[in-house]
Amino acid sequence: MSLLVLNDVGRRFGALQALSGISLSVEAGELRAIIGPNGAGKTTLFNLISGYFPPTDGSIVFGGEPITAGTPTALVKRGIIRTFQITEIFLSLTVRENLRVAVETAMGLNLRPWISAAVRTVVMNQVENLAEIVRITAKLDRVAGELSHGDQRVVEIGIVLAKSPKLLLLDEPTAGMGDEETHHMTDLIRRLNKDQGITMLFVEHDMAIVFGIADRITVLDNGRMLAEGNATEIAANPRVQAAYLGHAA
Amino acid sequence: MSTDLATETARTAPQARTGMSRRTIGNVVLGVVLLTVPLWLPLVGGYTDLASRVLIYALAAMGLNLLLGFTGGLSFGHAAYFGLGAYGVGLMLKYETHSLFLALGVGTLVGGLAATLLGPIAVRRRGIYFSMITIAIGQMFYFIAIRWNTLTGGYDGLSGFARPKFAGPGHLLSMGPTGMYYLVLAAFAIAALLLWIVLNAPLGHAFVAIRENHKRLTFLGVSTQRYIAISFAISGFIAALAGGLNALLDGFASPNLLNYSMSGDFLIIAVLGGMRNFYGPLAGAVIFVLVRDYVSSVTDNWMSVIGLVFVVSVIFFPMGVLGFFNRKSGS
Amino acid sequence: MGLLLLFNAFNGLIQGAFYALMALGLALILGLNNTINFAQGAFMALAAYFAFTLTPYVGFWGGLIIAPLLAGALGLAIETSLIRRLYNRKDPIYTLLLTFGLAFIMQDMIRTIWGAQGKPLEIPQFLNQPLSSTYFFLTGYRLFVVGVALVGTAALFGVLRFTRIGIRIRAGNSDLETISALGVNIYLLRSANFVIGIVFAGVAGILAAGQLGLNPNMGDALIMPAFVAIVVGGVGSLVGSLLGGLIIGLASGITTAFYPAASEVVIYIIMGVMLVVRPRGLMGQEGLFE
């Protein structure tokens, strides 16, 4: 069974038809890239799936249940977690504190005005675990705002990982990064997908990354689906070449 | 040494150990200084009631600062809860009881519950809007106090009650200036300890995270409004406790205690001392109350001087004096 | 009773006109300067005292025009020397406390220069006459106040709609970054906007002094209702602030007829109800300044 299914989904903003006729299904464990030129509707698609606003047409099904009218909070509870184009972390806190509040949220501890040493240990161990997974252990006690852009992105992924996402939505995870940071991030995405088995949707501009790691690729253009397939199929698709790759070349 | 909770907890092990011991030393020194105030203050020309006033303002500002500095909610209406505490204590002592602790408890409860009930209305909006709503809600109580003459004494304030001479079981405590000071100090210490515990627990972590980035927290599935309302309520209870103590100190409750300019005093105390620092409000209260006490005794233009304190601290000490010295010693 | 009610309603409407004038000035400054200007009441008092000093030389009408401009000039000096330093601090607390402190200083200066006692502001004789013996409360001055409020408001909306600077101010309210990217000098725009807001406060102050006389704290009584007017009307909407001012003025006036003690509290109750029923206010935009 597919984990995420979109049936003929569309979104209008007043007179503007931002997305229309989007039908796709993402299998559990899949690493799916969404590509397309600027304004193709990629972020709008993310906003619909994560409940930022509802679609005006069509329906969305997650894990066999309809989530078309879900709010962000409700969808987070179901396991749909996202990152943003702009990194959203807690800038004046240390990396450890960033991860700690995420772990406490995931464990449902937020309302606790005090905490036993035993629970504190569980929290801190989980923080260390997350840091290992995203490989930020060496910088745990640095203030997040002083880290490089790439490291801040990694911290954000650590934060969302605390919630054990079933579906992780990454909006341009490598935007603005240097070569080394980009390499680190793509490696992280691949490991999270393969080792942790997390289903992922990511928006990406860098074609080398997309063709390098994505299981399947969905191409959007002007709010519509242009093509879908694996890297070889997409690279060979004449419509994609004309509409998208042609622009880039 | 930095006492900034937000970034200071959970450093690497060796640093944490030295940080811990330095903080412990700091707390012990502070404790000794505060405990011995009635002994040394007269030697430097002060009087004990002035020290009580400093601690009462510090307590109110520390409560406010949970919301302001640690949760990122700019309330300009905390005088209302301070004032409600004061009127609550005054009315209890005037009409209902001679028990100091009962009166103080009721006053704290009245102001705290008001904050608990009204906070959820204010937190429906954020930013400047939140501030304006808190001011307006606060002013409502001010106008009720000056119009409900028969109960509150109107513009003239509530008088005709006095601090009981003794408090506690079997006249344990003599409530002269010294006894009053130790009562205030005990309240301050308990409230500070509770705040410290909360700030080091998941609840406090959530508060700070909201201040830092409420959007991130919302997209982790946390309904941030609820937490801001909780912070609002806790800070309201502490402000009310401070107001109740203020009424005991003066044997009088003025409607000005409810007015927004009083809220401004608490805010500037927090900012002046350092709103990201746990003890910032205490430092701010020492400076603010002493400057005001001194200036109003030497010039009629004391309002201008207080105004200048606002302007100078905002322009030159945005992180407060503790933040300012931390940065100097840190770099 | 009917006459009393009418009298109080009319009184409330005039009060509402003051609130609206104050609220408009505050809302302008809140919008573009991102500042809750606590000194608005002090600027108002200052303009009224300027008018008081000028009237013997230039007459009431001269004072009504020159004094708000003088207050505006002082506003310009304060905006460029102090408030401007704080625009890039994200937290609104700094401008709020700065203007709060400035209000203290300005009030104290007024007291030092002109004295703490109340003073009357002379208004032209012909404005002081009741227009009708039955409706004795309809003095020329009261109608004049309403007239000036209307003209002032119309002028403001005209400026915002039709002049280049007005259009930029409105654009800046909704998206400052974009108009900055378009090459508009934001510092200049914010200064101009601040001055307009202060001139509004100045006019309101002189009109109020003509009716109630002068005292150093005269602004205090108007600034809080002006905040409430903005919250009720909806942050981000000038029309909303205007309506909010009139509504709470009227409500306060009518309440005076039935239960005078509640005339101040009623506006806060209106605000509370509005916040519960419609948190963004009458005409407010969702999410602005949040």
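Each chain carries a letter (A, B and C) given by its place in the written order, and its residues are counted from 1.
Here is the rule we go by: a contact is a pair of C-beta atoms (placed from the backbone, for glycine too) under 8 Å apart; a residue touches a chain by one contact, two chains touch by 3 or more.
Because the structure is a prediction, the values reported are computed rather than measured.
Touching subunit A and subunit B at once is no chain at all. The greatest centre-to-centre gap from subunit C, using C-alpha centroids, is found for A.
Distance between chain centres (mean CA atoms), subunit A to subunit B: 43 Å.
Per-chain Cα centroids separate subunit B from subunit C by 32 Å. With centres set at the average Cα position, the gap from subunit A to subunit C is 48 Å.
Against subunit A, in their complex, subunit B makes its touches with residues 6-7, 9-12, 15, 197-198, 201-206, 208-209, 212-213, 215-223, 227, 230. Note for the complex: subunit C touches subunit B at residues 30, 34, 36, 38, 82, 85-86, 89, 91-94, 96-98, 100-109, 111-112, 224, 227-228, 230-231, 235, 261-262, 264-265, 268-269, 271-272, 275-276, 279, 288-290. Those residues of subunit A whose C-beta lies close enough to touch subunit B in the complex are 50, 72-73, 76-77, 81-82, 84, 88-94, 96-97, 100-102, 104-106, 109-115, 124, 140-141, 143, 156, 159-160, 162-163.
Residues 68, 74, 76, 121, 124-129, 131-133, 135-137, 139-140, 143-144, 147-148, 260-261, 264, 267-268, 271, 300-301, 303-304, 306-311, 313-315, 318 of subunit B are the ones that touch subunit C when the two sit in their complex.
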